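These are the structures in question, set out in turn.
Each of the two complexes below includes subunit A, the first together with subunit B, the second together with subunit C.
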Partner chain A sequence: MSNRRPVGRGVLSLLCLAAVLFTGCTRTQPAAIRFGLAYVPQKLDPRFSTDATSSRLIRLLYRQLVDFDRRQRPVAALASWARLSPLHYRFRLDPSRARFHDGRPLTAEDVKATYDSVLDPKLASPHRSSVALIREVRVIDQDTVDFMLSKPDPAFPGYLVIGIMPKHLLERGHDFSAAPVGSGPFRFHSWPQQGLLRLTRIKDRQLFEFVHITNANTRVLKLLRGEVDIIQNNLPYELTRYLESKKHVKVMHRNGSNFTYLSFNLRYEPLQDRRVRLAIAHAIDRAQIVRHMFGRKTRLAAAIFTPDHWAGDPQLRSYAYDPVKARALLRQAGYGPQRPLRLVYKTTNVPFRVRIATIIQYQLKQVGIQVSLRTYEWTTFYSDIKKGNFHLYSLSWVAVKSPDIFRYVYHSASIPQTGRQHASVGANRNAYRDTLVDRYIEQAEQTYDPAQRVRYYRLLHKRLLETLPVVPLWYEEHMAAVRRRVRGYRIAYDGNYDSLAAVTVRR
Partner chain B sequence: MNFLLSRLASVLFVAFSVATLVFALMYLAGGDPVDYMLGEFAKAADRDALRARLGLDLPWYQQYLNFLRGVVVLDFGESFHYRKPVVTLIAQRLPATVELAVAGLLVAILIAVPLGTLAAIRRDTALDRGAMFFSLLGVSIPNFWLGPLLVLVFSLGLGWFPVSGRHGFASLVLPAITLGTALAAILSRMVRSSLLEVLNEDYIRVARAKGLHPFTVVTKHAMRNALLPVLTLLGLQLGALLGGAVITETVFSWPGIGKLTVDAILSRDYPVVQACVLLISITYVVVNLLTDLVYAWVDPRIRVGGR
Partner chain C sequence: MFKSWFALAILTSWAAMALIGPLLPLHPDSVDLQKIMAGPDAQAWLGYDDVGRPLLDRLISGARISFFVSILVVAISTVLGSLIGALAGYVGGAVDFVVSRVIDIFLAFPGILLVIALAGILGPGIDNVIIAMSSVGWVGFARLARAQTLSLKTRDHVQAARVLGTKPLTIVLRHILPLISAPLIVEATFGIASVVIAEAGLSFLGLGVQPPTASWGSMIRDGTAYMLVASHIVIVPGVALLLIVLSVNLLGDRLRDWLDVRTRLSAG
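What follows is the complex of A and B.
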């Protein structure tokens, strides 16, 4: 009996060891702070990134000359500026700026190299068009750089938001997407697979892992099990509410600024009648949709810019839900049970968007409008919208900060020309023409007086709401769910991840 | 040898047809990869420049010829989206897909063979009905529901396995079970029906009359003969699995070929779509070829017939 004991103990301890190893494999390493991403970052090269996830990660890795404050006004970031003339801006780099992650100092030469690279047509950078008005970038000294423009633009400093990259690596054709080198608060660690990116916070060497989890349910389950510490946005509201009932998770909400709208094709005759558009605006019960489908910080919209945007209008109110008025307007326009208005409503096949579209379809049916819903995967949908092949569609403008969007979306010169498939002079896809709107846009673009610009933009907002090329719907909120061991995470006004620089973990 | 040569010819034919079909479908599907790459605000001139660089401004027959030339030398070009060689992208994803496919199939076999055999031996008993009910359940439960359910129980409830991702053996268990149960359902029905057929044959009666143990009769005499249709099904299923199990891959964030293909279709990443679909179809043909070879090993009659 006695000499069999040690064997039993040996087996037991082996089992324990196996159990420890097994669970060791499955448990998360406490060392890293893990962030669950709904979308995989596409490119960590600031010259090529266009998706929101990449842009937010790029802010951690690189620093940009100009940033925005809460009211979306351009403010100094890596550099402060002075306008020497409408065509000449001088930028002075922050003397206390950090070095690049490879140890080299960041100088005016690097600023020039970055912008020259973006402006090079051969590179095919998606950001070239936003800075195409730069005629020349001139280095004055190590800390000073001049931007010479080809035409005046009061919004100009707000376009300089590309992360500054080191000149010596740009010249060598370094693959920044595979191994980013910037001067931001985070340094690139590794990117072992498409869905797992590791960054190191420079001040304390804290490791961060950004894990891609497409499925919203899976993302929530991983958060609950502690396999990730933070998730943000892209959750159906029922999952947010479910998370709010869990005690080891903290759910945060914040006002957002992404503008969702319902667009009319003004080439289609029935929709050219303002009474019809107004009827549709009155028929949609937006408050009800927001209450049941979105988080509590989602706000009803009246314009492309939120009331807290510097060019926004806090007094502006959109049309109230009034089905009686909607029916009366339709009657006046000649529609009724004998001659119902029939419309085709296009949307993407993202289940959440389809649900919203179904509700709108139902609400329009209540006032006698027959809507047939068509859902497509994104590329087909987008291609149809660009060709003007729709009656109604809904979409959102995401992360729009600068008022040059008005020319792009509402000016009559921005109507895409039909016939040439690839002509994309602008995004006035509903073929909206209004001389007053054109004039306000042009006047605002020519004035440098901030108060006067605000006045023009408010007039513009008002006129757009009157003429109704789109029904403004809502500004979706930002939400984040964080495990309680994580301290200091704040949702930024535009959903960026900057507060990761201050996050701590209770061990 | 002739058999192999004719199969090789069929692989080439299938590859050519699939390549042509994929090219035609992607061409006709509409949508513009340049939109995806340059985003909302790009200028027409920049779009045209990029389109020229990617060869998308050429007439369709020239694009088709370029594509076929690439297929012949196994150069699928660079992904529009990731700006990396397509071959590299596929090489990164393939191991994960193979791992999940093999594990899923293994789970299926481990469940289906005992279940189907029991159902056949105890025909028309509660056991048979129970097994077939399970099989019905397996076919009916969709993976996008079973996956999260397994996660709720085994990851969140019991804490045994990670919720998702690909980090070692533990993370393979739940996706393999999710995939395996659906396959096991069909497979166990096949095992049952073909075993029932064989169990009525004369040689089984002879084996029983010789006084062999019932276990030996089933495993040695009946099973080997009943396996042919099961193998066909297994071959088809493995082919399908190697093509990527998109839903399971999505639920468990498994970095496989299926998700790569779907993402590439959505972003109109033509080179990646073409390479993936080609890979999937050739995998099908090759797996079927291997199934035929295994036939010959299982059933000597086929070997004789082949000569």
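What follows is the complex of A and C.
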């Protein structure tokens, strides 16, 4: 008996302690705001992330020197800049900038350390090529840093979008992907499993949980049941409409800028004939597809940049649906019922993409083109596309802002050389060659006068639409569905999650 | 009795759809964007799918793929597996050892993984799907046949046949297989359902039928994405598949009873 009593007391006091701790925890930590993600973020290290989800989360955790405005022109973010000469830029860090999450101040040394790390060939960062023109980063003082370039490039400040990381942790080889440390409005809390990431909003210690839910139906049901508060994009239009009929949920739409296109392989002899490509452009009823398959803010595309992009062209119109003209063009090119044009169209096995491809296949069949569809999972599909192993494929350019994309995609020097080790230097995967386009790209790259650059890019857009290396399809809208208790969420022009910094919850 | 007739009627109509489907004026691939996920009307008695194609037409033309794939795969697997298994069990010794180890190796992998690997090597297409699934499907039958044979090979009539100088293959075919056919037939009836589902999985990975060709598996797969808003897209092929599997199992059951001498005698 005398033995037992202390044990009993111990248990009792432990229970009390646990009760106090437990209630204490619930009081200091407000309920989390949950965000349903369609894809798992791959890496939260700004030097290595390439997927859209990671990039959007990285914007919450880190701050970058340069950002973009609504017309996608580079603007000052963490730093403002001045061009001292075409090869010399001076950046002044924002004096009111936040400290790193570990309490250390962010200085010019950290900027240098971040870019030196990305530029280090041993690190093999996928972003190295985009900043390879930086010859040297020089620290002038705590708040000032100079970027010296190896060649002039008017688009240059737009490349400095890598989140700034603390020098002392970079030197130590800290694993930023496992425990990110930046100076953004959100601090890393925990990442207990691949599909659950927790971040804390610094200003009010509000906890945010990013939950991975692959299946669109499940994501919608979880939103309706209140297991997540916000979901964004990656829903079939039918589910968006279904959500619009629910009163606990608010559905928002916004113009998107992700450019979806149908690409031709110009190595394939029948597709070298412009009449054939034109016939295909006229045979696809894009307006009908957009009306029935996409949200109301989806727009028809005529070029890689939207009309509201600074280098876009609001006057540009793509080809109208005209099956009669399409058949006539095919006849001129020597195809008809006796000799039908046969093409292989590759796409990913994402059900929504297969749906779109099936509709395009049917519409092309109506003008006499026999298309066989091949659906592959992403890795196989992408490797085939990179190797040039296709006749037709459709894909989107996601979050393209800077006009250096023209060189990357349309310049004849960017045709990937199969068999070479550096096959990924360019993305001119359809082997498009046009001397005029090459010249416009080069001239625009050498011009600092903004009006003149816009003029070149508009000429470029027009020439690309004439020569048709790809059929521009549409810019898909962004949509978000938010439970009504959540206030202040806005869809960003590029679909980023920045407005989470201002979101509040009604309790 | 009613159950058997019902099952027979279902299976007959399945076979009829598969055989005379191509002769009917169907439009399984005609897309109509206005009709996306619409309910039944005069042109489409079962409604429309996710790109506005008539579901009934797709159901009938999809029956063909599902029918031929499942019948062929199950037939090839049953014949091949039973023969290999029964012979190995009967002959014994080194042959049995080698066959058993091969079976073990096959069983060590998840079946669908091997099918995917094989179909991946062979390339997309329905004929390759049949080859890939058969070359994995025989294993289950072989194991079953071998185990059953081991318990039968010491029976008197088998011994008698051996003493009379009958060849092993003849003994297996005439004296052992008829006795072990009942469990094999039951196994085969289960196989039909799993083959239809496996075909859907392969089509999903781009290794089976390619769009717009309809197969029941791919119809179910496409439909599940819209369960919340248009459940008929998945219910139509789902119910069809359910009826087929149920009927095959019912008939398989009846067949087993009929093949089993004891039940027939007691019933008589």
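Basically, the second predicted complex is superposed on the first by the 474 of 507 C-alpha atoms of A that agree within 3 Å, B and C clash if a C-alpha of one lies under 4 Å from a C-alpha of the other, contacts with A are read in each partner's own complex, and residues count from 1 in each chain.
Here, contacts are C-beta pairs under 8 Å (C-beta built on N, C-alpha and C of every residue); 3 or more make two chains touch, one makes a residue touch a chain.
Predicted model only: the values in this text are computed from it and were never measured.
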Note to self: Do subunit B and subunit C fit side by side on subunit A in the superposed arrangement, or is it a clash?
What the structure shows: fit
Check: Is A:354 in contact with subunit B, with subunit C, with both, or with neither (first, second, both, neither)?
Finding: second
Next item on the list: Considering only the touch criterion stated at the top, classify A:195 as touching first (subunit B), second (subunit C), both, or neither.
Entry: first
Margin query: Once chain A of both complexes is superposed, is A:211 in touch with subunit B (first), subunit C (second), both, or neither?
Written below: first
Note to self: Touch test for A:288: subunit B only (first), subunit C only (second), both, or neither?
What the structure shows: second
Next item on the list: Please name the chain, subunit B or subunit C, that touches the greater number of residues in subunit A.
Entry: B
Margin query: Quick check for you: in the superposed arrangement, does A:268 touch first (subunit B), second (subunit C), both or neither?
Written below: neither
Notebook entry, point to check: First (subunit B), second (subunit C), both or neither: which does A:128 touch?
Noted result: first
Item checked: Partner chain(s) touched by A:321 [first = subunit B, second = subunit C, both, neither] -> neither
Check: Given the touch rule stated above, what does A:242 touch, subunit B (first), subunit C (second), both, or neither?
Finding: second
Notebook entry, point to check: Just subunit B (first), just subunit C (second), both, or neither: which does A:362 touch?
Noted result: second
Note to self: So if I take every C-alpha atom in subunit B and every one in subunit C after superposing, what is the smallest distance between them in Å?
What the structure shows: 5
Margin query: I'd like to check the shared interface: which positions of subunit A are touched by both subunit B and subunit C across the two complexes?
Written below: 217, 221, 377, 380
Checklist line | Residues on subunit A engaged by subunit B in the complex (per definition of touch) | finding: 22, 25-26, 42-43, 48, 50, 121, 124, 126, 128-130, 132, 177, 193-196, 211-215, 217-218, 221-222, 224-225, 227, 377-380, 382-383, 386, 408, 422-425, 427
Next item on the list: Using the touch definition up top, name the residues of subunit B that touch subunit A in the complex.
Entry: 29-32, 34-51, 53, 81-83, 92, 148, 151-152, 155-156, 159-171, 250-253, 255, 259, 265-268
Checklist line | Of subunit C, residues touching subunit A in the complex | finding: 29-31, 33-34, 36-37, 50-51, 124, 204-206, 210-212, 221-222, 224-230
Item checked: Contact footprint of subunit C on subunit A as seen in their complex -> 216-217, 220-221, 236, 238-239, 241-242, 288-289, 291-293, 349, 351-352, 354-355, 357-359, 361-363, 372-377, 380
